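Here come two complexes built around subunit A, the first alongside subunit B, the second alongside subunit C.
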Partner chain A sequence: MALIHELKKIWNVKTLIIIFVLSGLYFIIALNSSIQSYPSGTWLFDADIAVYLTENYGATLEQDEFEDFLKLKEVIIFELDSFISSNAVFTGAGIYDFQDYENFRDDFHSRYDTRSEASMNLWIAISNEWGEILRIQIDGEWVDFVSDKEAPAAYTRYIGFNNVTAMYEYQWEENINSFILHTPLGKTETKRVLEIRDSGEMSAILSGHLVLHTWQYAQNLALLVVLAVFILVSPLVTIDKAVKVNLLQYSSMTGRKILKKQFAAVIISAIGITTLLLLCFAGIFYMATGARDFLMSGINSFMSFPYHWLSVTYGQYCLLIAGVIYLLSVASAAIAFVLSRFSQNLITLIFKVIPSFAAAVLLSLWLLDEFLGIYVGGDVFFKAFSLSIIFAAAIGIAIFAVKREKKTDLI
Partner chain B sequence: MLMLNNVTKKYGSFTALEDINLEFKGGVYALLAPNGAGKTTLIKMLTTLIFPTGGEILWNGDEIVRLDAAYRGIIGYLPQDFGYYKNHSPRDFLLYLSAVKCIDRNTAKRKTEQLLELVGLSDVQGKKMKKFSGGMIQRVGIAQAMLNDPKILILDEPTAGLDPKERVRFRNLISSLSKDRIVILSTHIVSDIETIASRVIMFKDHKLFANDEPAALCASLAGKVYETDDITAIPAPYLALTERQDGGKTIMRFASEQDCGSIAQSVSPNLEDVFLYVYRDERE
Partner chain C sequence: MLFRLELKKILLSPMLIVFLALCLGFNLLIAIPGAYDEYASFVAGASKTAGYKLGAQFEEKIRKLEADEMRDYLAEDTAGKTDVFDGYDTAYIADAYIRRLNLSGYAAEAMRGKYAALQNAADDKAFTDESLTVYFASSTPDKHFGLHGITMRVLIAQCGILAALVMLLSLGYEHMSRTSLTVYAAKTGRNILRHKMLASISAALIAFAVLIGLTLLAYFQINDYGNIWKSSVSSIYNVIDDLLVGASRPFLTWQSYTVLTYLLAVLCIAAFLTVCFSFMAFVIGVWVKNSYVGFLLFLITNAGCLVIAIMFGARLPAYLSMLTPAWLWLKQPLWFTDGGADILWKNFEILGVCASLILLAGLCVFSAKMFKKRDII
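Presenting the complex of A and B:
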């Protein structure tokens, strides 16, 4: 029953309001940008195509399915024809369908030295309709023209289609070979990349941008979780000491075991607040980005980079991230508990918590950076080892502090 | 029976208490000594907050440290600086401490209501304690100490900071609680214990100095305490005890080893005289 009371002390209204307000602000400042920039900020425009592919072919794209996928081009061209034929800029230039546009474009590119000013202006106007950023050399100087319009959906689909097609047909293999050739990888890394290349797992359908946004979002979310854990659990023991309730606790039947119960309450609370924050903010990410479409897709995909150490699905990838965040959360709670035990008041506690929080932030950023990715300096085994050591050390120190308390004079 | 056998407590090279032998059977035991004499050290050892560096403390023949929770289950403790959560109501706080004392929920609710009634806080049991007076807080303190119906009630300076009215109220409360249990009361305020203590324990130079009934302690000064309105007539050495005004004159109470019966009025010593006499070297 004392455990429930300790939990009640931790989950007090004031602290929860602070965490709630802080989380809201943090979402606006840090988390929301990751959501807003996906898929709209993905320069390959492959996100929508990836959704189309999973909806039609499942988690992987086999060769026969790819042949079928190519038929999508006709639909996209039809959409583009409709857009062009109803757009005055195009029709005014005598462009009535996408074929006309391609002819105009090829002609424009082929006349690099003999372009007229009129054709240049027309090219700029058309690029503006496509929502593009254009860099053109005029009188020897490079000038940027930034479109004031949003790219039409048919056009982004067209670009996405072309990118995805190229990636499936040859780019993924070129990229992986180039990666092996030009990156100073160790033996284990090279072996793993070759395994990925030859195993067929690259047929998985998953936009690399989604993976990128996922671990970046997870990095930010981990910081919030660690911060919330420190705010939630660290005052518990310090406040008891500061107001001298510990004299009553230690002289009661529970005695010094109260610290054990408080440690249990701290760990349970850390897991609780982590679960709440993950459900809330991972849920927002999940709903907003359409990540649910790719839960069964492998993370090593012909559409993604870098390559990953584990052959897991995107869903499993997210669970592993959640696992790391839970471990960070519990380790932070254990450290906060120890700091709380050895602080006389909230001021000294804050001075101790700040550097610990900073260290936890750096650790979180490092652990989740390009999560599971194979890149130079990104040794996943070292990261896993470090996390295990830090987790075990934090829990070990906390348990030592609890055990040591049995023989400590309470002066 | 609670027994201390040759108990010593040292902090590094500093000896807080040395070679203390005591027995507590029943009634109110007053630990009377100036601040820093070792009262709180003894109380903290009795409540297992600190451990003796020598000797042993036994409850019915068993060492209290070894008895662990079984011993702590029979003590009630009101510390000198009674700690509480300002945002808790007395009711919530007592329920919290009931849980810490391993009292089941139903008993805790019943005892909480009873004790709040006993200490006169029923009408404010749901209010936050941050606006309570010192006396009200001390009453919450005594209520929490009584939650487990303790066989040993240990009160460390329970009346410190209370106004006279609250002190009298508190004294009466302690007196009413002292039946069928050991009450160990630490204080440096003589009037707190004069009427309620069955034995007075005094420490001097970190050792046990006296352990006797109040009357016996007072008797030890019999024939040595006088009053006069002309202290200049008293031959040195003497120890000035207290002063009072009477009919426009300043009456000086003093203690002397010499017979001053011819030049001053001999009076019956009280516990305050004993306190001032015993701790005369520690006065400014």
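Presenting the complex of A and C:
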């Protein structure tokens, strides 16, 4: 009963409204940019190609499936032929299909020193039709020509198709070998990268952009969770102390157990608010980016970089991120509880909460930075160890404060 | 008398001292060490003998320095530089912004006007060869952003939060110590608000001086500036990456600033910005009894100002929101320059600070007057 009463005190309408408003503002300021900058709607980046591949071939792309994917090239070339034959800039230059264009392009590139002004202008006009940014040297000076047109869908599909086929055929292996050769990795890191290369798990279909946007979004979301936890739970004990209701409670033997109940309420509330925020904002991310299609895909994929310490699926990767956020949230709640216990009034509390929040923010950013990625200085075991120690210390200090309460003088 | 007592109450508060110490610790550990740069340090050392003005004399003096890799690199880095403002035309920036943001009407006109005015500044700088100063040579963008984009921005944020907390502490003191009913029962008692406000602003400015003074002292102990202080901030090496223009462009200030005078000007605006945050906290603190909620409302107000610009894009409310304290803080690395695509008016930092001070001071007076007539319970 006392626990429910404490929970009611924490989950008061005023605080919830503040958290709701702050979450909305925070979404617009920080979280939404991760969603807006997600490169979907074009094949220039691998996000939409990954969706196409997953829809057609499942979580991995095997050799026979890749052969089937290659047939798509004919369709894309047909689309390009249609675009070119209906475009006056191309037809005016005597280019009627994609083969003509390729001939023109190769011819242009082969005449590096003997290009006429007319052919240069034509090349600029054609690049403009493709929606490209062109950088060419004119009279010894590099000049940029930024297209004022959207790249046609057929052309972006062509670029994306070529990139992905190259990635699948040879680039993924070249990249991983180059990573081993040119990155000052430790023994364990090298062993793990070799294991990934030879295990066959690189056939997984997963966009590198999705992984990148996931951990970046998670970093921002972790900040919101920690902020919400601090706002929600920290005033509980301080308010009781400020109105001196704790003296009344503590006058009885059983009353001194109230701090234990308050601690339990704080932890339950932290888990509750974390769940709400994760469901709401992770849900928005999954719906907006189409991430739900990749839950079964391995995170080490021929399409993406960097490589990861664990051979898990994207779904498990997200669960691990959620786990880290829960641990951060509970640790923050325990710290907030201790700060609340040792603050005489709400202003004192804020003076203590702000530095703690800043520390929690730095910790969250560090822990989730390139989450599980193999990179120099990104020792995942050290991060896991640090998180465990901080979590244990926060809970330990809170439990110590609760136990000490029974014996301490109150006035 | 009351002012002195209120100020004493704030300054002797252990929380304030501990908070200042924590901020200082944070700055020393996080906001400063990354700013160290070996090449920049060498340039600063070289400037003591070679001076700060680029040209034949500078190159000659550099050649006389002890031969090593750094010397050779600096010689190569500074050889044959020409004035970047010679024939520099600012109109292309306005054109790029107007085209990329689809500006029309007043916004397009104001944008063109701003860059037409900036042309005069560029011409003046061309006349005095202002860009031909070394600053930190090719390390300049990193060093300049390190101080003005990171360290100063962290410091101003800390001072803003401190100013709000100090104001809320002072205003909430009577409620916390349960003396509000006694103090505010009398008509003269309600006048205490004026003393509280002045004491809080004074305390915030004292905290500002201590925090910024000690942090910058540590910063300049780590980062030698040698003769660089006299170099112009509009040095040829100081460039801003501008995605809308599609290239980097010079750090072009409205007036001529050396590194030293620019820092002093930034500190001056930062102090006024701290006062703005104090005023904002005062308005909230008068209306909201609970200081905890008051501080959260302070955060919401500032976050709301940031959101206006995001929601409205390239429209007038967004441009007006750029003059609010929250945005002025975010735009700090561009103070005293044109401010980029989000800014329509010349000297936006001065305009913003003045407008914010006037508006917030008006709200403070209104709130204080209402407080005198309000029921306390």
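By our rule, the second predicted complex is superposed on the first by the 403 of 411 C-alpha atoms of A that agree within 3 Å, B and C clash if a C-alpha of one lies under 4 Å from a C-alpha of the other, contacts with A are read in each partner's own complex, and residues count from 1 in each chain.
Rule of thumb we're sticking to: a contact is a pair of C-beta atoms (placed from the backbone, for glycine too) under 8 Å apart; a residue touches a chain by one contact, two chains touch by 3 or more.
These numbers come from a predicted model, not from an experiment.
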Kindly classify A:231 by the partners it touches after superposition: subunit B alone (first), subunit C alone (second), both, or neither?
-> second
In the overlay, answer first, second, both or neither for which of subunit B and subunit C A:314 touches.
-> neither
Regarding the shared-chain residue A:22, is it in contact with subunit B (first), subunit C (second), both, or neither?
-> second
Of the partners subunit B and subunit C, which touch A:263 in the superposed model: first, second, both, neither?
-> neither
Is A:347 contacted by the first partner subunit B, the second partner subunit C, both or neither?
-> second
Which residues of subunit A touch subunit B in their complex?
-> 1-2, 4-5, 9, 12, 239-240, 243-255, 257-258, 407, 409-411
Spell out the residues on subunit C that touch subunit A in their complex, using ranges where they run on.
-> 15-16, 18-19, 22-23, 26, 30, 161, 165, 168-169, 172, 176, 246-247, 290-293, 295-297, 299-300, 303-304, 306-307, 310-311
Partner subunit A, residues of subunit B touching it in the complex | 11, 44, 47-51, 68-69, 72-73, 75, 77, 79, 81-87, 95-97, 99-102, 104-105, 144, 148
What residues on subunit A touch subunit C, complex-wise?
-> 14, 18, 21-22, 25-26, 28-29, 144, 146, 231, 235, 242, 345-352, 354-355, 358, 362
